[in-house]
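So, here's a batch of structures to check.
You will see chain A twice below: alongside chain B first, and alongside chain C after that.
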Partner chain A sequence: MHIMEGFLPSPWWEIWFIVSLPFIVIGLYQLNKLVQEKREALPLLAVAGAFVFVLSSLKLPSFNGSCSHPTGTGLGAILFGPCIAAVLGLIVLVFQAVFLAHGGLTTLGANVFSMGIAGPIVAYLVYKAGIRAGANTYATVFVAAALADLVTYVVTSIQLALAFPGTAGFLGAFSAFAAVFAVTQVPLAIIEGAVIMLVFKYIVQLKPEILTSLNLLPESTVQKLREAAA
Partner chain B sequence: MKYGMEIAVAALIIVFAAVFLVQDAAIQSTLGEGEEAWGGADGEAASLIESTGYEPWAEPIWEPPSGEIESLLFALQAAIGAVVIGYVFGYWQGNRKTA
Partner chain C sequence: MYEVLDDFAQTNGLRETSPGLKLFVGLSSILLCVSSPGPAAPLLVAATMSAAILALAKIPARFYARLLLVPVSFAVMSIAVVLFVTGSGAVLLEVPGLPLAITAGGANLALLLLTRVFGGMCSLYFIALTTPMTEIFDILRRLRVPTVFIDLAMLTYRFIFILIEEAGQIYRSQVMRLGYGRFRESVRSFSMLAGALFIRTWESGEALVLAMDARCYDGRLGFPGEARPVSALALAAALLYLSAVFGVSLSTGGLVIV
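So, the complex of A and B:
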């Protein structure tokens, strides 16, 4: 999903910086609050950030002869909301732009939006809706994380199609970019959803009290999940 | 089933790997001399854009000088993340055991 350095013409790269900025500001504010008020959640925050580090470094082969990587931002979004996930995504994207020439500093705004904001917002909404509707917790986490991954790549395709409609127009360009990005991503999104679901299970087993203190799950659901695993 | 989910995820990954091997065999047989499959989607999108005549207006400030150094940095990125995840889960596990 990285849009490479210099591959977004003006005004698009500026627009995506402006769109992403408020989320980062709110995310930093929320992070600050979390650090001051819920210190017990800090190790979990570290795990969520580390998860983005690991998953976004793994380039996996997909079904159509090209490689792409999962994003890992779904976990942070489910646990801490999309704004904090945006900050985590920003850290990883800066690392990759500076040290790996993956993505770029001029395209950072657009890349933060797709990976750190759009995907996480979807994951967050799907998770909240699923829990409220009383759906199976792990199935909800799976779907939320997989969709976060997939939406990231769909949004990248939209960003590129907006900047490069070419002769085919926006829809034509979108389907060309989506063929490169989104189709490749479907199997990887499923894997990512499955892995994050597994991590969620370990959090339930090892640190269930944190899930209730972050208002992620009601006490009774945590109890039920733990009994089912025992 | 205590490990039901682990088994399901492992099965999924095995299926994923198996499909890759089958596909790879099919793709390799169609490749000509010196061609390489399984390139990155990021690069494919970039060449799609360049084919319209667009010239990127900025260059990365630094690029890993070789594929080896690039994979070193990617491995480092994954290792940093894995250490943190392992440390925190291990710490919690230890806390539970002694509590």
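So, the complex of A and C:
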């Protein structure tokens, strides 16, 4: 959920910039290190960023016919870790703001936090926990992507409720914003989970080297998944 | 649509104006909109930015109107919530049967937000339609943004156009084969599209690594930037405009910093 340009008043947009800043700095540091170690990482990261942009600018089939779109950052977080996903999210959000007027420049901090940081961190943690616990890989990816989407929307509601508590107070405003967005966002989260899961499945079937070269899945698991699919 | 936006950015009437100045005007207008306590200043920004886009940059009015309609849905949803949640002042309208009421305070805040969003949107489009991304990268470099970030942003930017083209082709061929007929099918088709797109992009990324290696890539991308000087007249006009907006903002209730 993008918060539009001009929607967040001072001091909230400044606060969200400050909150997002450390993640971006850590992400840039990690990125620098990664690129110095593996030169081929930069083009691949760029491709992943462009993929997130294109995915989020395509309309998903949605129940209520509204223009909903997936965030796509869950996949980035699973592939590269949450801090680098935050940098990718920042780049994608700047392009979306400047090309599509999705989101905005003053609300960039808030949007980076909800879509580029909170969602990806949840996706990453869920994915790691699921893999460690030996859960079904596809189910883990589904839960991670769907939760990332849900968390993004909850965080957006929190951001809006903090900025506009009204007379209902923070909790009242939060439930109002959350209720309005839940209509589109809950089905969307489930669809996004399914889509990312199927994308993951195609990658395992057609180009598993991507996953093993990034140390996301051990060779043996990929082998097992491919045999199960065959 | 994206190609079209970028085409306009490359060919518009303000193409030869210094990109730094255009960015400065756009960003300052956005900041003035956000910090304005009354709806007058954002409306002024929206009007002047639209005038600049239509008259100076010569963007077709029809295309610009279509662009402005894009972000409407989110604005309507969130502003409706603000309208009902904020309650202060006289009750203007009550929804029968529900504990919902529009009050004067809520209506004022909603109006202010609507104008702020509108003014911000026009300023964003002013930047998007007059300044090509490549020139923004050049400015970022001069502002000493980390190189790795600019390189990544530039490569991402390049790939967006390639991918959109490819996604469009896959999508059209899926539609031709009735891939989006029913709900279940559309989820399946969309996943197939995303999966195929991801694998293809990854492969083109690998191809790019090879191509860059073959041309002695050493972890640094060099792009020549041409500096376009700021003309004194343009600078004066920009400052005059911004101070006028600032003046309107001040005269309609002071500046809200916090």
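Here is the rule we go by: the second predicted complex is superposed on the first by the 204 of 230 C-alpha atoms of A that agree within 3 Å, B and C clash if a C-alpha of one lies under 4 Å from a C-alpha of the other, contacts with A are read in each partner's own complex, and residues count from 1 in each chain.
FYI, a contact is a pair of C-beta atoms (placed from the backbone, for glycine too) under 8 Å apart; a residue touches a chain by one contact, two chains touch by 3 or more.
Everything numeric in this text was worked out from a predicted model, so none of it was measured.
Superimposing the complexes on chain A yields a three-chain arrangement in which chain B and chain C clash. Looking at the shared chain after the overlay, A:43 reaches both chain B and chain C. Look at A:138: by the touch rule set out above, it reaches chain B but stays clear of chain C.
Shared-chain residue A:172: touches chain C; no touch with chain B.
Of the two partner chains placed by the overlay, only chain C lies in contact with A:11; chain B stays clear of it.
In the superposed model, A:187 makes contact with chain B only, not with chain C.
In the superposition on chain A, A:35 contacts chain C only, with no contact to chain B. Stretch 117-125 is the one of chain C that runs into chain B, the other listed stretches 9-17, 117-125 or 135-143 having no clashing C-alpha atoms. In the superposition on chain A, the residues of chain A contacted by chain B and by chain C overlap at 1-7, 9, 43-44, 46-47, 49-51, 53-55, 57-58, 61, 63, 66-67, 92, 95, 97-102, 104-106, 160, 164, 166, 176-177, 180-181, 191, 194-195, 197-198, 201-202, 206-207.
Those residues of chain C whose C-beta lies close enough to touch chain A in the complex are 1-2, 5-6, 27, 30-31, 33-35, 42, 67, 70-71, 73-75, 77-78, 80-82, 84-88, 106, 109, 113, 116-121, 123-125, 127-128, 133, 136, 146, 148-149, 151-160, 162-164, 167, 171, 180, 183, 186-188, 190-199, 201-206, 208-209, 212-213, 217, 219, 256-258. Across the interface of their complex, chain B is touched by residues 1-7, 9, 43-44, 46-47, 49-59, 61-63, 65-68, 92, 95-102, 104-106, 138, 156, 160, 164, 166, 176-177, 180-181, 184-185, 187, 190-191, 194-195, 197-198, 201-202, 206-207, 229 of chain A. Of all residues in chain A, only 1-11, 13, 28, 31-32, 35-36, 39-40, 42-51, 53-55, 57-58, 60-61, 63, 66-67, 75, 87-88, 91-92, 94-95, 97-102, 104-106, 160, 164-168, 172-173, 176-177, 180-181, 191, 194-199, 201-203, 206-207, 210 touch chain C in the complex they form. Residue ranges of chain B in contact with chain A, taken from their complex: 2, 5-6, 8-9, 12-13, 16, 19-20, 23-24, 27, 37-46, 48-49, 52, 54, 56-64, 70, 73-75, 77-78, 80-85, 88-89, 91-93, 96.
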